[in-house]
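The following pair of complexes shares a single chain, chain A, combined with chain B in the former and chain C in the latter.
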Partner chain A sequence: MSTSDKEIFDKLSGLLQKFNTKNIELTETTDISTDLNIDSVAVMDFIMEVEDAYDIDIPLNVLSDTRTMKDLVKVVQSEIG
Partner chain B sequence: MTQAEQKELKKTPRWTSGMNQIAGEFSTLTDGLDYAAHGDTGLNFYAPRGALEHVLPYRDLREKARSTGRKLLRAGLRGGERVAIVAETGPDFVITFFACQYAGLIPCPVPYAMNMGGHDAYVLRIEGMLNAADASAVIGPDLSKEAISEAAARTNTRMVLTHTSLQELDEDGELAPFNSDDVAYIQYSSGSTSAPKGVLISQKAATTNTRMILQHGLKVTTDDRAFSWLPLYHDMGLVGFLLSPMMAQTTVDYLATPAFARRPALWLKLMSDNRSTVCYAPSFGYDLASRRVSAAASDLDLSSWRIAGIGGDMVRPDVLHNFIERLGVAGFKSTAFNPSYGMAESTLAVTFAPLEDEIIIDVIDRAQMKETGKAHAASEIDKRNAPEKVRSFVACGLSMPDHEIVVRDDAGTILADREIGHVLIKGPSLMTGYYLNDNATNEIMGDDGFMDTGDMGYMLNGQIVLTGRAKDLILHNGRNIWPQDLEWAAEQLSDLKDGDVAAFGIEDEVGEEHVTVLVQCRFADPARREHVRHEVSMLVHRAAGVECNIVLVPTRSLPFTSSGKLSRAGAKEKFLSGEIAPLEMDTPHLVAVG
Partner chain C sequence: MTDLLDKFGPHMERYEAMMEVGTDALGLVNEKILSPTRGIINGKETILAGTNNYMGVTLDKTCIEAGKKALDDFGTGTTGSRIANGTYGLHRELESEIASFLDKKHAIVFSTGYVANLGMIAGVAGPKDTIYLDADSHSSIYDGCTLSGARLVRFRHNDANDLAKRLARSKGEEGGRLVVLEGIYSMFGDRAPMDDFIAVKKEFGFQLMMDEAHSFGVLGPNGRGLAEEAGVYDHADFVVGTFSKALGAIGGFGAGDHPFFDAIRYHSRPYMFTASPSPASVATAIEAVKLLKREPERRERLRENSTRLFDGFKALGLDLACDVVSPVIAVKCKDEPSTIAMWNALLDAGVYVNIALPPGTPINTCLLRCSVSAAHSFDDIDQIIDLFGRVVAGGHGLDQQG
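Up next, the complex of A and B:
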């Protein structure tokens, strides 16, 4: 059985919480790095946690086309495919 | 890769028994590789989670580079043409770089996309680089094809290849390796995204500088095994940890930069596993790793690590101190730290601290430095009791044989020890010039052969101490950030126009720079102000991937020079003194730092 987008979204939100220092509400359209104003090193930290949580490797080129929570859900969905 | 293949993968040895080490006595890069190919040493690439992924002995590298060189000729490239190569840390880039050396083509290593959501900014960057080198071809991994094609379509670059499509070609034509009077490669190191400058390095500069690094700086031996996570499109990665080790037949183990960024502690684990002896990183790399290593430090063995070089940013004493505290238990020696100074315009290396010496930290009096431009040693009382009155700088070492380093005042007079001025260098490692950019070359190259580095500093018993940048560069996490890039990104916003934005770094008490962006805003409505702030934050973030403090300021508050250029230094000074006051905002986190 496949994991639903909603489940992935919730899990990502949980992982993102500690980087979300200003407690900005997370929605599908939240731009992960710019809306939360986290720098590139912290983004890498977060991505590592996502990779570890799902045991996947997200290629860099894919990352450069990923902005929003919705984008990232899609990436995770296709990587765990 | 199947499990069986993975099992067969065996990393290259530290040294080839019976082989005589020749440390950099070659007249071209291909001469160096031809010799290294006689042994069993070479390059090993680790995957993001620490598994050995590719092994490329120098012997195979030479063979594949020669074959790929003939494929480049088959593709229609001709001697002297520029070939941009996406420098991912892996065999494909390295093979193609040396293929160019054998085919007489000029390789230009370019970065890969790294920032989240950074696609557009990346394409723009590559476009600028292709233009600066007037590149005929751009080659990258399959996944980068879309982005590099997009960039090439906006330039005169006629050929886009992936490593896969290149390897599918037949071999053709005669290899014509560069000789000792020829060029070697183009390195992008300076200039903003839209107008990058390509540093043209000759075979003579490359072979001289690598020889200096090997013989004078590192005093390399057959017991050495190098480790690197530095990007291969930077001088420290390319020259320090690909060309130099190859020119001494030394084995290198690599972890790709993004893999390091995600798992900094893996760096130390792999160095421990390999008993690595030489590795360089900017201060922030040591900072990241020591924060992440946690309790596992005692399981590591870093006692073989004899040179822990520091370069690429201002050396921060507090970071080095923390690293020693955390990693001493793993056998890391404080004398391994080696502050060094370098830049792409000098191929790489300019100065090295003497090996096995403790770091020299010069504590000076802040007020006197500001008033007199001299770095007077602080009093013992202030050092102990008044940390706010002193400033610590690290001595970055001595010049190399046949090379010179001097500090001069604005009028060009050579200054005495402890007098702060412009740092200039001279010697056979210097670049030929900025490719196709005589104006930029003439700006820094003097008739007397000295090149202005753009850095400020002072001499201390023959060692150079750097105090900052003369230009407006922002140093953040080991990266050079051009303020123009941030300003242009912000000015994309339709509410803003040219000259409305000033970006600069503000140093905190430990010397870490924080990016501050002042934005002139003409709106009185709080909601519109917040909108501008948010949009600017997003644009800047997307362009540079850095956390920054966006501060809205009144219109006509930013200062300009007499020639009508934005004065960033002036804006920073007025901001810090309070003369430029931030506009009132609704949200509390916009309070200015400083």
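Up next, the complex of A and C:
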């Protein structure tokens, strides 16, 4: 049975908590970098956590088009699919 | 209309906060250079301890004479790229000297160290390939990877097991695999655990590029860098480095043994589409390479100085970014405001070091970064330790400044 987008969103939200130091509420449209005010290195570190949580690679090239939580859910979904 | 520069507002606020404390740390003016380890800053003689001038060759007489002669013989600039009118005999001679120094069959000279990484990475890897890069890689490596169009996979800093895990995940990808490591990482001064990485190389198979920017001329029995020091030099398929540190000039190089190595010249945009380094700079680099060969004792002197500074800082109880002695010795600080304040206090007290702040540093660290030179005297090193003791270790003793 495939993992639902909601399950992925929830898992990503959990992984993102330690980077979300200002405790900003996460929605599908949250921009991971600008809305959470975290720098590019922290975004890449967060992505590493996601890679390990799902045992997938998310190449850095994909990140330039991945801005929101919804974008990232889509990337994870396609990699684990 | 959206103003393109509006996005820089927060950056300017951060910069202005820094400027309120004192000197512009990001635009410091060296008013005069007195020696490789002394300059005039803010009208005052200052010990230079953040210049990456590892071998202290910038004012060497033979290098300067060679530069002057090149100016007389070839003029101020080449006005062209290497593949047009910008290749002079001097560029070929430097390539030959670098290849000989590194004991590699081929070498290519680039216009700067930054460009060397761009040129070599984008020269060897393309859109069908995968590059594995260390998380703490220098920006020039990140930018070279982006330029290459290759698939980019980042692994945890200095963690060969993490690399192995990612290589295992990617089995079945088409194209070649390039792993890029640095000899000495520029901010913390730590180095790649080569034995671990070479074990992974043997298991998974990839081509290895060693960026020896901070370790060329510094590490290894012949100064070839970390791969040589670790006894795994044959595994360094490509070696990249710069002329702007141990060689005291400007420019960079890539080297290797591959029979198709010279094809990089015709596939590397950073090689093809920028002017070649100026004759004077190339001539001084040639002399500096010869000098490093002629005077290996400079490496020993650098080691002694680095150990003295490292031990002195340890004795002060400073929190160092790395446990291994190297010419890069970085002190971890509490936060950005205190780092800026201490940097200014050190400068006022007569020593220049680098200030390094996130995101230019790993794991959000604020650093006061020293780089040691073979040209420092023990007295210089002791003065640096003394000033750090008063300013940094002494409870941020800013009030102790004159």
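Brief remarks on what is shown
Here is the rule we use: the second predicted complex is superposed on the first by the 81 of 81 C-alpha atoms of A that agree within 3 Å, B and C clash if a C-alpha of one lies under 4 Å from a C-alpha of the other, contacts with A are read in each partner's own complex, and residues count from 1 in each chain.
Operating definition for what follows: contacts are C-beta pairs under 8 Å (C-beta built on N, C-alpha and C of every residue); 3 or more make two chains touch, one makes a residue touch a chain.
Note that this is a predicted model, so its numbers are computed, not measured.
Overlay on chain A: chain B and chain C clash in the combined arrangement. When the two structures are aligned on the shared chain, A:Lys22 is found in touch with chain B, with no touch to chain C.
Judged by the number of chain A residues each one touches, B leads among chain B and chain C. With both structures placed on the common chain, the touch criterion links A:Ile32 to chain B but leaves chain C unconnected.
By the touch criterion stated above, A:Leu60 is placed in contact with chain B and with chain C alike. With both structures placed on the common chain, the touch criterion links A:Met44 to chain B and to chain C. After superposition on chain A, the stretch of chain B that runs into chain C among 164-172, 272-280 or 560-568 is 272-280. Once both structures are placed on chain A, chain A residues 39-42, 44-45, 47-48, 51, 57, 59-61 are touched by chain B and, in the other complex, by chain C. Across the complex, chain B meets chain A through its residues 48-49, 112-119, 122, 141, 143-144, 147, 258, 261-263, 288, 477, 537-538, 541-542, 545-548, 589.
Across the complex, chain A is touched by residues 130, 135, 145-146, 149, 151-154, 156, 166, 169-170, 358-359, 362, 364 of chain C.
If you check the complex, the residues on chain A that touch chain B are 22, 31-35, 37-45, 47-48, 51, 57, 59-67. Across the interface of their complex, chain C is touched by residues 39-42, 44-45, 47-48, 51, 55-57, 59-61 of chain A.
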